[in-house]
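Chains here go by letter, A, B, C, D, E and F, matching the order in which they are written, and residues are numbered from 1 within each.
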Amino acid sequence: MAKVVTLGEIMLRLSSPDHSRLVQSKQFDVCYGGGEANVAVSLAHYGHDAYFISKVPNNEIGESALSALRAENVNVDFVARGGDRLGIYFLESGSSMRPSKVIYDRANSAISTAKLSDFQILKALKGADVFHFSGITPALSNKAVMLVRKICKMAKQKGILVSCDLNFRKKLWTKEQARKIMVPLMEYVDICIGNEEDADNCLGFRPNADITAGKTDAEGYKRIFMEMAKKFKFKYVATTLRESYSASHNGWKALLYDGKTFYESKHYDISPIVDRVGAGDSFSAGLIHGLLTYKDKQKALEFATAASALKHTIPGDFNQVSIQEVEALMNGDCSGRVAR
Amino acid sequence: MAKVVTLGEIMLRLSSPDHSRLVQSKQFDVCYGGGEANVAVSLAHYGHDAYFISKVPNNEIGESALSALRAENVNVDFVARGGDRLGIYFLESGSSMRPSKVIYDRANSAISTAKLSDFQILKALKGADVFHFSGITPALSNKAVMLVRKICKMAKQKGILVSCDLNFRKKLWTKEQARKIMVPLMEYVDICIGNEEDADNCLGFRPNADITAGKTDAEGYKRIFMEMAKKFKFKYVATTLRESYSASHNGWKALLYDGKTFYESKHYDISPIVDRVGAGDSFSAGLIHGLLTYKDKQKALEFATAASALKHTIPGDFNQVSIQEVEALMNGDCSGRVAR
Amino acid sequence: MAKVVTLGEIMLRLSSPDHSRLVQSKQFDVCYGGGEANVAVSLAHYGHDAYFISKVPNNEIGESALSALRAENVNVDFVARGGDRLGIYFLESGSSMRPSKVIYDRANSAISTAKLSDFQILKALKGADVFHFSGITPALSNKAVMLVRKICKMAKQKGILVSCDLNFRKKLWTKEQARKIMVPLMEYVDICIGNEEDADNCLGFRPNADITAGKTDAEGYKRIFMEMAKKFKFKYVATTLRESYSASHNGWKALLYDGKTFYESKHYDISPIVDRVGAGDSFSAGLIHGLLTYKDKQKALEFATAASALKHTIPGDFNQVSIQEVEALMNGDCSGRVAR
Amino acid sequence: MAKVVTLGEIMLRLSSPDHSRLVQSKQFDVCYGGGEANVAVSLAHYGHDAYFISKVPNNEIGESALSALRAENVNVDFVARGGDRLGIYFLESGSSMRPSKVIYDRANSAISTAKLSDFQILKALKGADVFHFSGITPALSNKAVMLVRKICKMAKQKGILVSCDLNFRKKLWTKEQARKIMVPLMEYVDICIGNEEDADNCLGFRPNADITAGKTDAEGYKRIFMEMAKKFKFKYVATTLRESYSASHNGWKALLYDGKTFYESKHYDISPIVDRVGAGDSFSAGLIHGLLTYKDKQKALEFATAASALKHTIPGDFNQVSIQEVEALMNGDCSGRVAR
Amino acid sequence: MAKVVTLGEIMLRLSSPDHSRLVQSKQFDVCYGGGEANVAVSLAHYGHDAYFISKVPNNEIGESALSALRAENVNVDFVARGGDRLGIYFLESGSSMRPSKVIYDRANSAISTAKLSDFQILKALKGADVFHFSGITPALSNKAVMLVRKICKMAKQKGILVSCDLNFRKKLWTKEQARKIMVPLMEYVDICIGNEEDADNCLGFRPNADITAGKTDAEGYKRIFMEMAKKFKFKYVATTLRESYSASHNGWKALLYDGKTFYESKHYDISPIVDRVGAGDSFSAGLIHGLLTYKDKQKALEFATAASALKHTIPGDFNQVSIQEVEALMNGDCSGRVAR
Amino acid sequence: MAKVVTLGEIMLRLSSPDHSRLVQSKQFDVCYGGGEANVAVSLAHYGHDAYFISKVPNNEIGESALSALRAENVNVDFVARGGDRLGIYFLESGSSMRPSKVIYDRANSAISTAKLSDFQILKALKGADVFHFSGITPALSNKAVMLVRKICKMAKQKGILVSCDLNFRKKLWTKEQARKIMVPLMEYVDICIGNEEDADNCLGFRPNADITAGKTDAEGYKRIFMEMAKKFKFKYVATTLRESYSASHNGWKALLYDGKTFYESKHYDISPIVDRVGAGDSFSAGLIHGLLTYKDKQKALEFATAASALKHTIPGDFNQVSIQEVEALMNGDCSGRVAR
């Protein structure tokens, strides 16, 4: 299997149980997650040597985050210790027409203050096949921009495949700031993943998609995927398409363009949704695994789509599913019959 | 904002968690609620000075009920202490075709034994804009009938808008008893809220609605709303219309008549239902807020309907939602997309 | 009411709460269940004298299983003590397209090592109206085969109605092994219950049903039911028909053949499913009760189908519902309206 | 083993978990208990045919109480259904110098309204060896007084040993009321159990014990035990002696007088206390078992004392311990070493 | 009763349940607390008009903190909204020789960035009898120093009694920084509360106490109390004396000096400790109440000591006890007998 | 730091929460543990490269055990997959005079059926400094005996220090069987750990210790330690000495003999005990770490004793403590003061 290195932030997630509101909760469910960490977890479950690089505070909360990653078989040997705090996010799980709500409390996290010399990057990248990051990381701070840029450059020089999930977060930066940072980074990127909002906000490409109507039109993406691939020399451009009927019921499919062909996955009807946080990350991981594993690009996309559809049924940020489970679903068994 | 005074019973609610049956439960979820208390909570969340008048026993259970109301910013300064017990109700949460079940253990509650001199009513009503009660309160006891009648009269004399949710409870009284008490009370009422069963059982007005078929016909209400408004000089008559597909899936909309025009709200499809107890109360509160806030009666109704639709997604009796959340829904965002 | 005796295994069930994966769980929900025990529980709830015969280890886990049965009013006076362990099964509750998963850890359970002399069988069968077992019990061990065979014979000789749920378990034996044991046992059986897979695997009868398409065709069963009834002289042959749309949403109905007429029940749409384990057992119990109670076979079938539809909404193996609740559903109230 | 019949009230107990205050609790732990029911449970655990006679409301809460008793192997066949409600008590578990707090909400319970014709008493008493009741039952209502009196008389006539735990409850009646009712009942009683306050409040006998000092003096009881035995012709008089150092730490021993000899048990130092509710009942049951089982009265007393010491370590009202466990403790193993 | 105004920070507290380590916890218990907020809660429970002034972020976490205070009847009308975050602290509850552990994540909290114009201070102080703050607040930031200084000055000018709990926190500032800020503030202070470390670190007064030996010597305080009272013109100087035998077992008493007489309270032996966080705050509140209520200074001190001893038995930061409960303890009932 | 390899069984542990009895529990707390696995966890926490070798079934339960070990930073790369099941043990947590109870359900576990070729032992042992096993492993099965013997031999040949915790389990084998297997194994052992019962049951050495009196006499061990060291050429012999006052309160110290000098550790008084399971394993790990780290043998022993004393305060089998925490305790801070 492959060696995949990811870089980013891992946060403490505190969520209200059983669809209660945050103000009602006398207990918060505790887990840990973050875009790139979630990708590493999925890839570890698929049998890859998955590394996560970050910086966490030298206290019990930082160690708890690493313990959570180790439990999933992610290598955290290159995580630095220091800084003041682990970022936190609060999650209130919605239901029916009440949306889920995320409150970020991530300013001044350890990773946002990290610099290259905090890490043994050369050792971490040695023998790596893929380097993955998301648009969240450079959005954290100027230091983080520099860190990402330098590592991307090193990865590119070493011939490592670079994957990026654009993942625009409007609470972290503006469209203008994002474009200024993200567009130059694209020269290092081979696999670019992002939905309609990400492509627009980070790179300035706007698909013909009527989002407010809750509909997604695969056709609308073809044009911009071709343009993006052309401009940035992406090997792959991909997106998920979510149809939001309610907080409990979504449609889900995905698109992939490899510079020549457009692939469109099967469509999944997901109801009820247990936890949709991390679905995008599970798609990125599924796509990396798929492209590393299957010659058939359609299969690679189907793996990524099935994996990320399954994520909606699993509590927490991490997509704790096996290759066997994803393949059973992508091969057509959606019946949910009891596996005895 | 307005000062709204409500009068009624607050009960200890004990519910079995996670759709278990009462007999299976080694723990009961604890909250507090009651028709008029629930209305006060909603109005406090919308920024009004919301008062709840009641009587609770002078023990930890009584104080716990008041603590729960204070947490929601409801003023309980006029709640009397005394009597023997707080009413209790047990709630078993159903699912799919299994209905939820309510077992009342409310006889001889403190409020059912209260008399006017227990309260500083003049002080409580001073400067009030609205007085709200429900048909549950006079159903509790003869003393409660007298209490409600006197306070209604005082409110009317002071020019306070009087709102009544008919709320027939067959475990508390018969149709005949209800009509005997409720019909004379209507002379004080300005806003009358009640569904098809309430209108019939409490006032003797029967809409053309085929309830057993699980369908509701807005047209069927027009006639009786006109008759009710005419007979009792109601300023407003309103009802919610529930379509019960299953314990987990309901349709929801509402009607309002202002003596001139019939308003019909948007229709909501609610699935899954988290907790439908208190939905009617949240509609009453939403309507009071809407009528106090919007010139446009249609908007007032849409606010009430959206607020009460949201209630179905929140555990407990109280509708812990903000004006912003209700308005987002009434303005059309039912997609349930994560609010980051 | 009737005296019904059941024989089989009861297991400790350990399930991950709230749709979490087993690996995520720091707590397992604990209950006890097993095919024939579940049947006895249902029948006790319907007012019958229900007996469960088994063997459990002489430790706290064995006693806990019996305590659980006693709580449901099942008579366990004829349960033997001894052997090494209580069988265990782990249950991971699925959601949407993620299937539920069962892991059995039942080898070498006390009941699998039991022999006839462990029990006071004559006393247990005295005055019994029905004896019920399932295909799981003879699949446990050779000793269990002998035990079942002898008791079936005794029951038959005493004129006790013998009911068998074929219940093929591929983790316990092969199709060939099952047929070798089950076919000869059928000579004692009056009521034979089993779905399409059971009939094929245990007895070699294959309906015309396209299972993989998630569809079930009542017509396809008619032929084999007639053949089965003819070959084995069954008084009744019955099956449930499950349509698996997802782990959270199933269709449900059932068929009965009494040697003369085919009966097809109403169809239920179950969404969301709370816990489908034990649904087949609740059908068997409902059918036994129905046949003992109603002259009208259609009603007997409707009772069994409604009872087992309700099971899907109740956590645990046991179908803790009353005759009143089942009859309300079979008589058409699927609205799930709150029962106050 | 013996047949023991008990009569009294069973209540729903709602307790705040983990030493939290009632007002802090979003969940209450649920169990069921009551003086005589607790005695029946202990005796069932010791292998006796234990019957509990009571009346419970015909709803899920009433049935839950019976299910809890059945789980402990108590026979509830003679429990009547009807009345309005099951009595409730709230329990806040103290710690260190903060006392535990009990709030009763038991007025108008089903059993308090029961009359003799509600029960098949002759059938229930048939073949009984012991009839047990406590002073709580006649304190519930005048009807309950009559019920207890008649059944005591019947038991006495049939030569059944009558056991009474005086159990004075100041929230239920005054000292004067208690004496008026309890003194005449003593003519039927063979085994009289009660601590210093009970003996005084119910019967007017005051030991030389300095309770406020938290000390108990066995000598002080000798005199009144002799007088009580003489006056009421008791076969046995017994009491427990509790030393209250704090809510978490108590001393515990007991005294027995059989008309000839005074027996004083070993002393136990209990720290920490898990749940002391029901300790007195577990002593009564232990004494009944001891007197039925051991010729040596000292052993009978030691069994009762050890059993009731163990009760302090078990959550809930019921003393779920086996004869083996009690005997191990009474025979001297207080080391608490892990039993592997 | 009195009007008492407090100023400071309220934090979200996240604690691992049941003595588990933070890294083991899949759920954190949630409550809210902070030095001055805790004082306000106690005073509200004693019937005073208790106000808490602070600034919280305009999100659900900030509102949850206010909801928690309202539930305790604390007036939060003068709390400002804004800033980025609510401070957080993690609490791991120790046991026996394993100490409890607190991890602060409070940098950049809303209150640390507040300025005087955020509040309607004149209105808040109007009619106030006491103003209370702790040394934690000026330690938060320079802005907080200015805020505290200005409000102290205003309070002093209005003749309001000013109370200060020195409360040195070494994670927030050094001894040198603390002295530089705290010493000048003392000119406004009437009641000065602080243990041996606080007096030294904040003011430079060192008692003759051998802390490392786990012993506390009341005599050692006399000298410095006299000196402190003389230098700063304190009306009262007070301290608690904790003997730390283990994380589960402490001794507890307190000292008060009123410029003339030294008072020493009773000694409490606390075992087991449920939650000692907030014990110091509960002492401050008890002392304020005591001095406002009792003429006898010894009684005032005993009230404060008993109240704070009780705090150790209650989960959370808030000391949810009534005057009755405190007085029962200070009057000598430490037996922990069940209050029925 | 060192590389330490351990070999043995890891089990699923199911425990009743909050001192409830197993029969009372509707939920079991889930963790994983086993003698040698627990040692590996401790050593990983102290910074060593800790390896655990075992065999687990190829299902979710087996993987969950490994996930739990990975979370603690234990290397499980050499764990084989296969076999039928993971061993299970049930734990009921006692209190005061009620002992904790362990029920084993470990027969036929995967590791008990393992053979040498299941593992890449040479690779696992490469560069190892210490190999540790316990007497439990050879007690599992004949295959396990052979496995242990071969690996011990290999370790010895490679000059790896071999550590053995005798750990006699009477449910697994008799004294005679144990001695027959264990005595010959001692030729490979350098560090022999075992209390008085282990030394007797496994090796036939009986100290002069009066266990039944709950007392332990360090002197009694001197003689047998000298004899054992002489006979088996042990480099170190060690034991813990537990004083069992109750299930909640123990005394704890330890002894070490290095062939020349007897070392006796400080004594700890532990109250209350949170979880004493794994205390012996934490001592073994602490001793290994101590001997590897400190020149001073007394310090090595003090580290082991302090570490294992701390274990009693931590839920679960694993001793999740850091070097800093252990050293703080061994250096004398037993005060349990809050670490802020």
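By definition in this document, contacts are C-beta pairs under 8 Å (C-beta built on N, C-alpha and C of every residue); 3 or more make two chains touch, one makes a residue touch a chain.
From a predicted model like this one, the values you see are computed outputs, not experimental measurements.
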{"item": "Of A-B and B-E, whichever chain pair has more C-beta contact pairs", "value": "A-B"}
{"item": "From chain C, the most remote chain by mean C-alpha position", "value": "E"}
{"item": "Rounded Å distance between chain E and chain F, as computed from the means of their C-alpha atoms", "value": "44"}
{"item": "Cα-centroid distance, chain C relative to chain D, in whole angstrom", "value": "41"}
{"item": "Interface hub residues of chain D, defined as touching at least two other chains", "value": "17-18, 21, 23, 26, 67, 101, 272"}
{"item": "Of all residues in chain D, those that touch chain F in their complex", "value": "17-18, 268, 270-274, 309-310, 312-316, 320, 325, 329, 333-340"}
{"item": "Chain C-facing residues of chain B, complex", "value": "18-21, 23-24, 94-102, 104, 169-171, 214, 244-249, 272, 276-277"}
{"item": "Chain A partner contacts - residues on chain E that touch it in the complex", "value": "14, 17, 21-23, 25-31, 59-61, 63-64, 67, 84-85, 88, 90, 92, 101, 103, 105, 107-108"}
{"item": "Complex interface listing, chain C residues touching chain D", "value": "67-68, 70-73"}
